[in-house]
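So that you can tell them apart, the chains are marked A, B, C and D in the order they are listed, and the count of residues begins at 1 in each.
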Amino acid sequence: MNEIQHKFQLKLAVAASEMLSERVAHIVLTDDRPLPAMRPGQFVQVAVPDGGVLLRRPISIHDISEADNTLHLLVQTVGRGTHSIASVKQGDEMDLVLPLGNGFPDMTEGRVLLTGGGIGTAPLLYLGRRLKANGCEVTFLLGGRTAKDILRREEYEAVARVMTTTEDGSDGERGFVTDHSLLGREQFDAVMVCGPTPMMKAVARWASVPCYVSLENMMACGLGACLCCVQKNHEGHNVCVCTEGPVFNTNELEWK
Amino acid sequence: MTLKTTIGAMEMRNPVMTASGTFGYGVEYADLVPLDRLGAVIVKGTTLKAREGNDYPRMAETASGMLNCVGLQNKGVEHFAEHIYPAIKDIDTQMIVNVSGDSAETYALCAERIDSLEKIPAIELNISCPNVKHGGMAFGTDAKAAAEVVRAVRKAYHKTLIVKLSPNVTDITEIARAAEAEGADAVSLINTLMGMAIDAERRKLCLSIGTGGLSGPAVKPVALRMVYQTSRAVKIPVIGLGGISNATDAIEFMLAGASAIQIGTANFVNPHVGAEVADGIEDYMRRHKIGDIRDLVGALE
Amino acid sequence: MTLKTTIGAMEMRNPVMTASGTFGYGVEYADLVPLDRLGAVIVKGTTLKAREGNDYPRMAETASGMLNCVGLQNKGVEHFAEHIYPAIKDIDTQMIVNVSGDSAETYALCAERIDSLEKIPAIELNISCPNVKHGGMAFGTDAKAAAEVVRAVRKAYHKTLIVKLSPNVTDITEIARAAEAEGADAVSLINTLMGMAIDAERRKLCLSIGTGGLSGPAVKPVALRMVYQTSRAVKIPVIGLGGISNATDAIEFMLAGASAIQIGTANFVNPHVGAEVADGIEDYMRRHKIGDIRDLVGALE
Amino acid sequence: MNEIQHKFQLKLAVAASEMLSERVAHIVLTDDRPLPAMRPGQFVQVAVPDGGVLLRRPISIHDISEADNTLHLLVQTVGRGTHSIASVKQGDEMDLVLPLGNGFPDMTEGRVLLTGGGIGTAPLLYLGRRLKANGCEVTFLLGGRTAKDILRREEYEAVARVMTTTEDGSDGERGFVTDHSLLGREQFDAVMVCGPTPMMKAVARWASVPCYVSLENMMACGLGACLCCVQKNHEGHNVCVCTEGPVFNTNELEWK
């Protein structure tokens, strides 16, 4: 994880873009030249097309396909910025700064639980793919409000075992991911989580093994320059989520 | 054609500087913009002692702008001198330190420490930060207080001294004249306009300390007006900033009377903007047959 | 559920007013927005004698904002009373006149003339216009001058007196307190921020008099901050404006402490906005279970 | 011209949109309900799609077809606003305030010269159509830099005689419209002009008969409310171009 990695500002072509659900777009980007190497858990800063919004928007790397030189993003429409991003069309150009942040730890063995809720599942696909290739035993535990929120299930299934929970019971076990029977049944060597803060905190409370979370603090630069995105660490110091994270071992955080 | 620009005793290859607090220590952007295309980099606000800054959330986006209340988080001037300076001193552009304090004395002590750093040709005195309780903007909104700080720093610091002014005042030219009278080599303006954002649904202030500093394209008209007024009120060079996002914006500031310009928020939007602005100014000079950048300063018809 | 709002002795059906200079005399918008959905209309700036205003060009668009330097073009208060008042007096909303002058005396004489117009329940004293040479903003940037004008007008005018404040000051609460002390029934803020626009290619100032007043979404964060500060500094109602474009914006101002709000520039963008804001506030109150609009004022958590 | 006319804020559907030249789009708008009556020389205020720009943009009524209930606009890309407007696509919705301003005088007889340059020719088509129907003898004299600037020639020709000038001589006579030989040859009862100000002034200087010009002052409201769009009249008073114009008899203006 510590080799020097360069950042780029690139204009990438939209190879495909489709709405996976009412609120989530799957955007596939490509380029004539090989895309830079990226690590699971890193993110990109996307310039919002159409100019109605000033700052870039941070979006996780959902998947990378080296075979066809593509970068995949999942974007959930929240406000103006994500609405504009989600409406790009095949053939459009997008301006990205990448790759940013540190990723999840690059484990090479052991049983790893990858869990997330809603759009928070986005970074887990590429992460699972990588950990699997490294030799880990991977389990996905994906949560959503309802069945429709479990996105791109086949792709996750192609990588590893997939469990789900939904709040309304329409897919998998009813409840939150922390309610899943699996957690009482099996042991893991590490847990990696991405989702709403209350969910990540609940997972962290449950976990007795190293627990890694991916934070979504508001960002301006994404480069460690503006100090807007800080999180208090366990020593009470403000650290930049964009450069020292977005992934943290929960032990490093001052989390109540 | 020459873009060479002189501020006090400092020479820059062109008038394009990056604004404090928006460009880290320069190294953060090294992959994305050739630093040697910039006239100068102004590094993060530095104080005598380390500061944690304000709590998160520290920023909110607004129409064509953003609010921040970072609150001068930094590890103190000693840490800067020992750990950061060695790593940035050989960057091929002018590296300027932005200095803050909470009393004339702490400003002066911080400046004095930086005076000893060979490769730092200038400091920018931030008497205009709206995000800290003590000091900061208080010095920038009162001509007497401003004069006092500049006087103390001028005694302690012997290289080029730029004083950064607050726009949150009735008459910015009064503060500029006070800084000039106490020996400032230049003034830079504007720092951020004090603003606020509220989340209506959650009925909460968006920033941890309530208020923050507004920057970005939204403030450009105010900045341009203040640069115009100030450049007519003082004889020292005026460095213009506030909302500059492209070469046209930069040229507008120079026409209004700025001898050099700074780019802040736009670095977040387009990290490459500094080089693009430098190129765009060159292109403009070519098209308008201006041989020396100094002939662009204040050159309204 | 009630949206009834009281400012001084004036009652409005809701807190949504249109800002002076952006809504003509109301009639210009009659086809496009049901005037009886508005709490009040504040008509054009009116002066004792007729004024031609400044030369064209009088406006320039900026990022999320616009500059104007109309300069109070109007035919004088006598013309208003004789020719315009009869045509607007029966519009089913509160019609308020915005009054300007170049001395305490002309302000007072103009206000006195309007005092005699039965169907005008209030005036808004504009001590904050940045676009006229004499008077205007000069009164709004100095607490003593502001006090003097308000005192003179308070003697001459017996209905509801709103004083409109300039944001181009170091401390707006000082001016607000001066107005309150002299008997103002309310303060409204903000008027425009003084700004400038330059055409780089033509190397010219975009506005005929160089500077103009900035309005629109760009200024909202500054306005919100000033409303928040002022509503904590005075006991009289604060009327908030500056960049309000939709109901959410309006609610933010009320949460910050405004008892009523005004919509300016947004009328140009969406002439129907006034009614939409009134509807949106109602909807918000329903969703947040707020029965009386007064419970929304300052209701930050 | 003095019957009371109401204004509307309408969302109209884009029935068609195409680029006529590199810089000019022809946009056809329609609605389920009959469009309000509009007069030649009036204009509309178009809300700029995509939100990169604040104010509406004033655009002349280029043509009206009552038969198919359409409103036609010609939009030349100048800055951000007109670029966004010109890029609308069939099926999009546009928000317009209309009809605004006073139109050209509704002459019912006589020989009328309608002349304009570049995008200034836009309002002349509907005007010519109306005057022709009223019983006037209409001549179009259209100017451009080069042949490509003479837009929608067939439509103008379908209404009346068309003469042209181009600066490079690639269409019609070489030079400006004021250089056209027609002006020395024929007599008119009125001249109506729209185009760049120097051109309108040149025509006005030449004209010994009533000369009407359509001004393009910068506007904010378009409704007579903001007083931003003023022009000095012959008495030295500032009058609103959006309500008292945009068409003026040049005798009413203080024109040097």
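Simple rule for what comes next: a contact is a pair of C-beta atoms (placed from the backbone, for glycine too) under 8 Å apart; a residue touches a chain by one contact, two chains touch by 3 or more.
Since the model is a prediction, treat every value here as computed from it, not as a measurement.
Asker: Taking the mean of the CA coordinates per chain, how far is chain A from chain C in Å?
Answerer: About 47 Å, centre to centre.
Asker: How many angstrom between the C-alpha centroids of chain C and chain B?
Answerer: Roughly 34 Å separates the two chain centres.
Asker: Whole-Å distance, chain C centre to chain D centre, using C-alpha means?
Answerer: A distance of 36 Å separates the two centres.
Asker: So which bits of chain C are touching at least two other chains?
Answerer: Answer for chain C, listing residues that touch two or more other chains: 64-65, 216-217.
Asker: If a residue has to touch 2 or more other chains to count, which residues of chain D qualify?
Answerer: none
Asker: Connecting every touching chain pair, does the picture come out as line, ring, star, complete or other?
Answerer: Shape of the chain contacts: a ring, since each chain touches exactly two and the loop closes.
Asker: Of all possible chain pairs, which ones touch?
Answerer: Listed in label order, the chain pairs in contact are A-B, A-D, B-C, C-D.
Asker: Looking at the complex, which residues from chain C come into contact with chain B?
Answerer: By the definition above, chain C touches chain B via 62-65, 67, 141-142, 168-170, 193-198, 200, 202-205, 210-212, 214, 216-222, 224-225, 228, 243, 248, 251-252, 255-256, 284, 299-301.
Asker: For the complex, give me every residue of chain A touching chain D.
Answerer: Touch residues, chain A against chain D: 50-52, 80.
Asker: Provide the residue numbers of chain A that touch chain B in the complex, in ascending order.
Answerer: Interface residues on the chain A side: 6-9, 47, 53-56, 97, 217-218, 220-232, 236-238.
Asker: List the residues on chain C that touch chain D in their complex, please.
Answerer: For this pair, the touching residues of chain C are 21-24, 28-29, 31-32, 44, 52-53, 55-61, 64-66, 68, 70, 73, 216-217, 265, 267-272.
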